[in-house]
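Pasting a structure below so you can have a look.
First chain written, first letter: the chains are A, B, C, D, E and F, and each begins at residue 1.
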Amino acid sequence: MRVTVSRKAHFNAAHRLYRKDWSDAKNDEVFGLCNNPNFHGHNYELIVSVTGEIDPQTGYVMDMKDLKDLIKIEVEDAFDHKNLNLDVPEFEDLNPTAENIVVVIFNKLRARIHADMDLEITLYETPRNFVSYSG
Amino acid sequence: MRVTVSRKAHFNAAHRLYRKDWSDAKNDEVFGLCNNPNFHGHNYELIVSVTGEIDPQTGYVMDMKDLKDLIKIEVEDAFDHKNLNLDVPEFEDLNPTAENIVVVIFNKLRARIHADMDLEITLYETPRNFVSYSG
Amino acid sequence: MRVTVSRKAHFNAAHRLYRKDWSDAKNDEVFGLCNNPNFHGHNYELIVSVTGEIDPQTGYVMDMKDLKDLIKIEVEDAFDHKNLNLDVPEFEDLNPTAENIVVVIFNKLRARIHADMDLEITLYETPRNFVSYSG
Amino acid sequence: MRVTVSRKAHFNAAHRLYRKDWSDAKNDEVFGLCNNPNFHGHNYELIVSVTGEIDPQTGYVMDMKDLKDLIKIEVEDAFDHKNLNLDVPEFEDLNPTAENIVVVIFNKLRARIHADMDLEITLYETPRNFVSYSG
Amino acid sequence: MRVTVSRKAHFNAAHRLYRKDWSDAKNDEVFGLCNNPNFHGHNYELIVSVTGEIDPQTGYVMDMKDLKDLIKIEVEDAFDHKNLNLDVPEFEDLNPTAENIVVVIFNKLRARIHADMDLEITLYETPRNFVSYSG
Amino acid sequence: MRVTVSRKAHFNAAHRLYRKDWSDAKNDEVFGLCNNPNFHGHNYELIVSVTGEIDPQTGYVMDMKDLKDLIKIEVEDAFDHKNLNLDVPEFEDLNPTAENIVVVIFNKLRARIHADMDLEITLYETPRNFVSYSG
């Protein structure tokens, strides 16, 4: 009887899509406006989904307050009101595309969620573009 | 060629999270504000998803009007404007967490949906917290 | 150059619509399912809108963090995870309809917002029903 | 490390649910108001989800601009501001139920997405009714 | 102490924007794709807002169930699953633009709402385009 | 018979809240995390509302395609994928708070909308914070 519990969260950040090892021309060609050297930004909306057995004592898969606190520590405190390229170590040499961000968030939370539970992360970069990853 | 058809529904209810066999102190420790003995409440948003073959005659997996009526009888009439702890027999001895509610709804609808079809229930307790269960 | 700044907030509460001075029959006739003596509940969504001049120093009408904190103290701490009829003094003798709730919230916040600023409160009782009041 | 990238799109169309080979009485019985011979219509909301490996060069599973352009050519230009029954060849002899529409869209896009990638289409016919198909 | 109460509703309809007294060329020039002679359609989302005094007996400006029933009779039964040009008498000689539809709905409801109350109608033609009218 | 027509639009941008003429300490005290010298960013959602008479010929207050194009030229091309502080001349010496951005957008569009029409701009900085201005 495995149930999935999901929690939404939110962070605002600046980023720029480019590779340091590419020429400006190639970065412009591949990443277009997203390669603005002065950065642009997004309100990232996050959904963290944890799947596991219902604890017969509490009726919870996981206390949502614990999940909320974990997201705050691992994601919001680390990414909110930050420049992903300049302020977040994981993206020092990794292009902060939505795909790479969702994998980074998954890996940070995977290490903190009990191994018996499955984890899936969904990340909205805009209301029209989103990505998801489950390991 | 299996397609999933989904229908959203809605019910408003009061509930309290606690176990009769626990002390007040333990209930407070585990369930916090959700253990208010005077109850609190939610607008529960429900998504019922049925997966099956498209009927080549009608072009339907299932007539959405039938699904809407089934949800009304089994879920809305039973739960809407109710106190889940006091008015709904399934929760007389079951803590009405979102996880337990989604399993109860699944079991009620599973008995009424053709066995060849798969069923998944998603339940939003708040816009930020939701659960899903597919048996 | 008066600009309106708005902040959304949220609280979950139980309530029952009825008048103590009416018979059960009359309460049932007027309030229907909303008169369940065991209560039902809602996720109330709140929008607080403050209109004033932009401070030329900060570029703010009002610091949104201050507004967020004010809503937390006056509304969320007072109403969230509560039974409006039993736990909130303002509704001891006042029927907690959406209309009466929005006036109570307006009056609580009006006393805390600078008199040069206009205030409007919008309250969603469900995604389909909402009310607003500006004094 | 397979990630799913999703893009939302939109088209407005008229349609009528009926079978040419059924009597009016039978069409009315099965399709009710949806069998209005003068048609009715919807704002269809579409989610196209592509699952594949992240390209280590770009950090993209697929350039979202390419996906947006592909949806424009294959879906929006073909369906938007159209009468599905009369203007869209795929529905000349196929009842344009949401289920049949989602399969048609899947087949059009499946032919244009790299075979190593998985594809899922979700189609909202109304905010309360939606379907999905992944082949 | 005037409070505004609002109720959301919904109807699906086909329409075509054109004037019978204009040439095809002029209709195409002015209305573009919206002049498809086979029609297109929308999920129209409606918000009906009524402003009045709170009745001190009930705590209601107006019973939302009465407002819901009124919208059903005057708007949903008249417009839902209809072709606005062909099935709705008000548009026999009136171009069913969102602006004209909102005025027609206002006039239908204005006649049924108590004269002491103000009325405003908001109509979403798509999630990105909407109109409002208050007489 | 004045009707309001509204169009939603969207731009993604980076910004930083601070005054060049204040010390770092004062900027931190007033603007907190929003004063990150490396910038952060948002998905800004915009609603442009124009109020005027319905043209009896077209049934339009204003052709929504013209309004869409005007928003693209004046707002989206100027602000989307930009750093508001560094790339947008209006904010060279003006702190890009939501309040100041909404006034700048109003002024740009006011000059392009017919003087007989009223204009209101609403700008969402996040899903929970928004501002509006009507001159």
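The definition used in the following text is that a residue touches a chain if its C-beta (ideal position, glycine included) is under 8 Å from a C-beta of that chain, and two chains touch if they have at least 3 such contacts.
A quick note: this is a predicted structure, and the numbers were derived from the prediction, not measured.
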| item | value |
| --- | --- |
| Chains contacting each of subunit A and subunit B, listed by label | D |
| Shortest contact path, subunit C to subunit D, counted in steps | 2 |
| Graph separation of subunit E and subunit F (steps between touching chains) | 1 |
| Chain separated most widely from subunit C, comparing mean CA positions | D |
| Identified repeat of the A-B interface (over half of residue pairs identical), from B-C, E-F or D-E | E-F |
| Where subunit B and subunit F are represented by their mean Cα positions, the distance between them in whole Å | 41 |
| Whole-Å gap between the CA centroids of subunit A and subunit F | 28 |
| Touching two or more other chains - residue numbers and ranges from subunit C | 127 |
| Pairwise chain contacts, counting only pairs that touch as defined | A-B, A-D, A-F, B-C, B-D, C-E, C-F, D-E, E-F |
| Contacting residues of subunit E [partner subunit C, same complex] | 1-9, 54, 57-61, 63-65 |
| Contact footprint of subunit C on subunit B as seen in their complex | 10, 12-15, 33-34, 36, 38-43, 45, 80-83, 86-87, 126-127 |
| Complex contacts: residues of subunit F adjacent to subunit C | 17, 19, 30, 32, 94-100, 102-103, 127-133 |
